[in-house]
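The following pair of complexes shares a single chain, chain A, combined with chain B in the former and chain C in the latter.
Now for the complex of A and B:
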């Protein structure tokens, strides 16, 4: 018994994995339709955007900050890129994603300037930049939604790519979106950065304590700019991917999404005090959140309960993390 | 003359800067559109709209005083007035003359219900933050979702329309030619000012915000004091909810969402240190006046709400930069 407890303490991801397994089994018992390939594939597909954005938030939370500006950055990158693609008539995937990522990167660097040079709490900085960017997009760029008939076709084709498809019991086809692979590649890159490069170790060190990290010899400015720049770039990329996956570019989209994403990241075991958290935990946390919120209908629960459920998940996960970290300190 | 100069010098430089900013905005708006801005109607409408925002800003300031933040204030405000509204609809016939003419004992009961909800919600936040040691940001993000979620579950989405006349008087009425909400705001602001500046509770809060560990070693009961500060925050938020629903004669789960950023902005602009330790109620009043003049001036110039959002966000970032610059010269 104590062996299990020790394993949980050493690998917090096991705890999240256990929560995910219990959730999935429970939902599957209540309604066996859950196990249909089409449902499982759509859940995986639904976790792509939340998950990629969760990786951006993870970077910021590892350093002891919090970011609420990323939905605005994602939407800004998506809307500006799609507008540019239509206006300038370019319809290729790579330049489009490069542009969206670049816009996100620039916006992220603005956050970094405020956090590093002006020494302001990340929450308040990102609240300001997020509101300003969304105000700029809606007030200056435009409020009209770009629908499927105007969306660049190659973008939609790219997002429609399927890895493989299976035939279900009733004869219909269910395919797994290739975007899951995009998500996996990004997650792998972030994992390698965090675990196997000095830059990544610097992010953990900064979260452990800024003064300590400085004395060990980490470049705090470089690390801060890396964190917020990379978080912004990931958000920009995810924004365009989101637009491509839902075949619309809506500048009012993703309002309030920050709460779901933050919920996923804290569910994955990241601590807002910084220095604790992992890519695997975040992926599992994102999956768990998506499974729970998307299964309310299958479970026969009214969807108006969704916010209550997400809120309770945040509270439970943060309370558990706080309890875990207190044990560590004691 | 020298006595006046000395007294002026003793005043907080931050307050002087704020007063100057308010004057500048007033002069600027008056110069840009004199015939439309300089009308009594403009200032009269400010006295009705500003108080609810001012109360939310004071609530935010109280949470920031100990280095925390309360992101659930909007949820608390909405939940309080939705519960009161449902109570009125239950005791009076919905929307009938009976509802509008409810007697003062029942209206007083509704006010008690709303205030009690706010205090209870604040207590939940306080317990999570002091007992379970969840960080204020995540605890109040979570509870804010839960409170808003309960609003959605209770109403199913649409607004609760129709409040008693007496209730509407709190948000719409005038007494001695002055807007009732303004009177409520000034009385509450004076009480909070007295509590923070002249009682042991307020001094303790500032000490805890300056250095929580030192305060604990000095023998202060930090847990209980911080808990009470969140109860106070919840109570203030519910008063803001009463004013909002009284003014609009309706209550809805997503009213006042943009107030969250504005409350943070006013608190920061007023010289509150988000890291804790410094807060000023007179600063809030001045910052509120400055921003209300700015926003009604922009509305008169037919700026879209999105552009106003852009300006609010930019203002928040600007005030952060100003605060950083001020601290550097000191």
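Now for the complex of A and C:
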């Protein structure tokens, strides 16, 4: 194997980093407005939700599973929490996020029960729970969108916090959303979990081979519940954050988002066969996806092509990882 | 004399109505290399699982250091120093060598956090202890099988075992790797660790073990010091029948045109200027170390190396084999080494597997004719003597030897002229093996089929071929009639190349 292939094999992040650099440079050459701080900051802000959800998917994918229920869980957690905040008249940030995270956690544990005890395929389980949860929200909780005039003000204020702002060439202000920091903290925590705890290594081991993981002494049940519970909790948290950032709680939101997020994670070097992938790769993958899809306007391409691009990215990224893993599959 | 390390007394174990073990007694002394022999399905794995605490015997007792152990569990077995290296090694291909080595001890110590420095230290110690060289940071999946095995052994030795059970450790190794493994096993023994070596390869048993226990149908049929056995005696015990080496005597038909002629076949970096020919009815063996190009030769003849240069003639006509379809059209059949992943559709029935390459021939206007298909499949099941009442059973229910017959039978349905067999009896037990061999010789003789047999198993080549080729680094280094060589001579030739 050549040196470059070897390097890519050991550090799949290099591949996506290279893709990101090439993408950014190309777009910047076509339209230098790309480099404006306001554009860069808005891209970073736009990658927050995709990125956080990507971390949830990463956990599941590392263990060899796949999760398509997280957009439904995110929306359920958001909508229920915002409804509760309005109904019970509380708008403090911490309890709100605790509630959304808790709802996500519970829903995630339901996935774990099916996957572990009934030995069902994660794709089917999450397809089922996701659809059921969406239906439940629309059928039982409500179908009406909660707009900015009803949204809890503190929630919106929180999401509008900026880390800093710079004055651009034309005199306008461009600020970097503090949500980027929230994303960074979550990413750091997941990174530490995966890289430096036995629980995290157990997730990789499970993705490497369930029987082997059991023989070496990992608690498979505990690991499975951790993976799906945590993925659900992250989704719930991201759901509320999403609502706060767009100032709306729409129970029909995030439909089809699972494909974008899975595309980002696969682009980040995670293997759909499990056992490979990293937080850094996922962050870079999310960023690349957001840069590509959001830059179509700058490039003068009709935005209806966005879905085509996402589809192509999923295929290209999966092909690249399949090529990398071809020995393993053979 | 002190009590043996482990002793089984009159152990019995049943699953539903099947008696897997019956009245099995076995004792393994300290630091002894003990061989457990038996064909597939003889109860070997059940016996390993009883010793390692996975299953509890229904009858009899298990003693360690002369103490009776009640209710053995996997955990208790490990605590008593029993370590098992399974055939699949139970390693994590996606993790580094270092982490694979350190994981279990880290888990055993109840650690919650991972210090990568400590992981490396633990791994370094484990490797030094085994006295081998392994790249700590490489992913395990990038190692060759022998490397993975060393990782598995190093990991097992970390817990200071007193008995190491190795389940079919040589199955996927080349001759040279087996020799290296035996050095490691003897070294392990020299530290007072007993090794239970589970195998069905006679030569290996005779070479490595001090004592031998043979089981058949769940019963001990022979046991004693290895000096009391020879190959014939072990085979007799394992199969309950006499299997004599017959050899293949091939008489050339006068003026028969060669079936296959290969001239100056070259694939850059893999094969270099290889020329050979095969006459009808010939069984030509191909030997060589790993990386010698023998598999590449087979793949090239099967149309999987379209970039080759050189000339290939089949029955006197020059052909270009640049796709599998083309090779099949010219009557070439290939039975791959790894039949489980490459040769069989595991989720399908025996019939469907059997007919997989005949569908075109069996269809009219794209529709399969069920009557003909069923007749063909049933006929071939009979001809290949596959042990199944009907062809609609899942192919996974067959033993390894019978699965191999399905793959060979499938190709015979196409009436091939040249049959390429890569490791035809890897993982097949002795009784079944000689059955397959007999069948291959019969086919060559009766149908005038040319056979190219690639194998690591030298006795297999000597027994079945009339000519043996040796490849080394992509070149053909010798082409010898079988009467002019022997297993020992071949072994020496290969060792000299290594």
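Just so we're on the same page, the second predicted complex is superposed on the first by the 320 of 330 C-alpha atoms of A that agree within 3 Å, B and C clash if a C-alpha of one lies under 4 Å from a C-alpha of the other, contacts with A are read in each partner's own complex, and residues count from 1 in each chain.
Here is the rule we go by: a residue touches a chain if its C-beta (ideal position, glycine included) is under 8 Å from a C-beta of that chain, and two chains touch if they have at least 3 such contacts.
Not measured: the values here are computed from a predicted model.
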item: Fit-or-clash call for chain B and chain C when the two complexes are aligned on chain A; value: clash
item: Touched partner set for A:217, first chain B, second chain C, both or neither; value: second
item: Touching partner for A:185 - first (chain B), second (chain C), both, neither; value: neither
item: Touching partner for A:197 - first (chain B), second (chain C), both, neither; value: second
item: Greater chain A contact set [chain C / chain B]; value: B
item: Touching partner for A:306 - first (chain B), second (chain C), both, neither; value: first
item: Touching partner for A:323 - first (chain B), second (chain C), both, neither; value: first
item: Chain C clash site on chain B (candidates 98-106, 170-178 or 206-214); value: 206-214
item: Chain C-facing residues of chain A, complex; value: 9-10, 195-201, 204-205, 207-209, 211-213, 215-218, 271, 274-276, 327-328, 330
item: Touching residues on chain A, where the partner in the complex is chain B; value: 66, 114, 117-121, 123-125, 127-140, 143, 259, 262-263, 266, 272-273, 302, 304-315, 318-319, 322-323, 326
item: In the complex, chain B residues that touch chain A; value: 69, 128, 132-135, 137-139, 141-150, 152-153, 156-157, 260-261, 264-265, 268, 274-275, 303-314, 316-317, 320-321, 323-324
item: Chain C to chain A touching residues, read off their complex; value: 86, 88, 90-95, 99, 103-104, 106-108, 111-114, 139, 141-142, 341
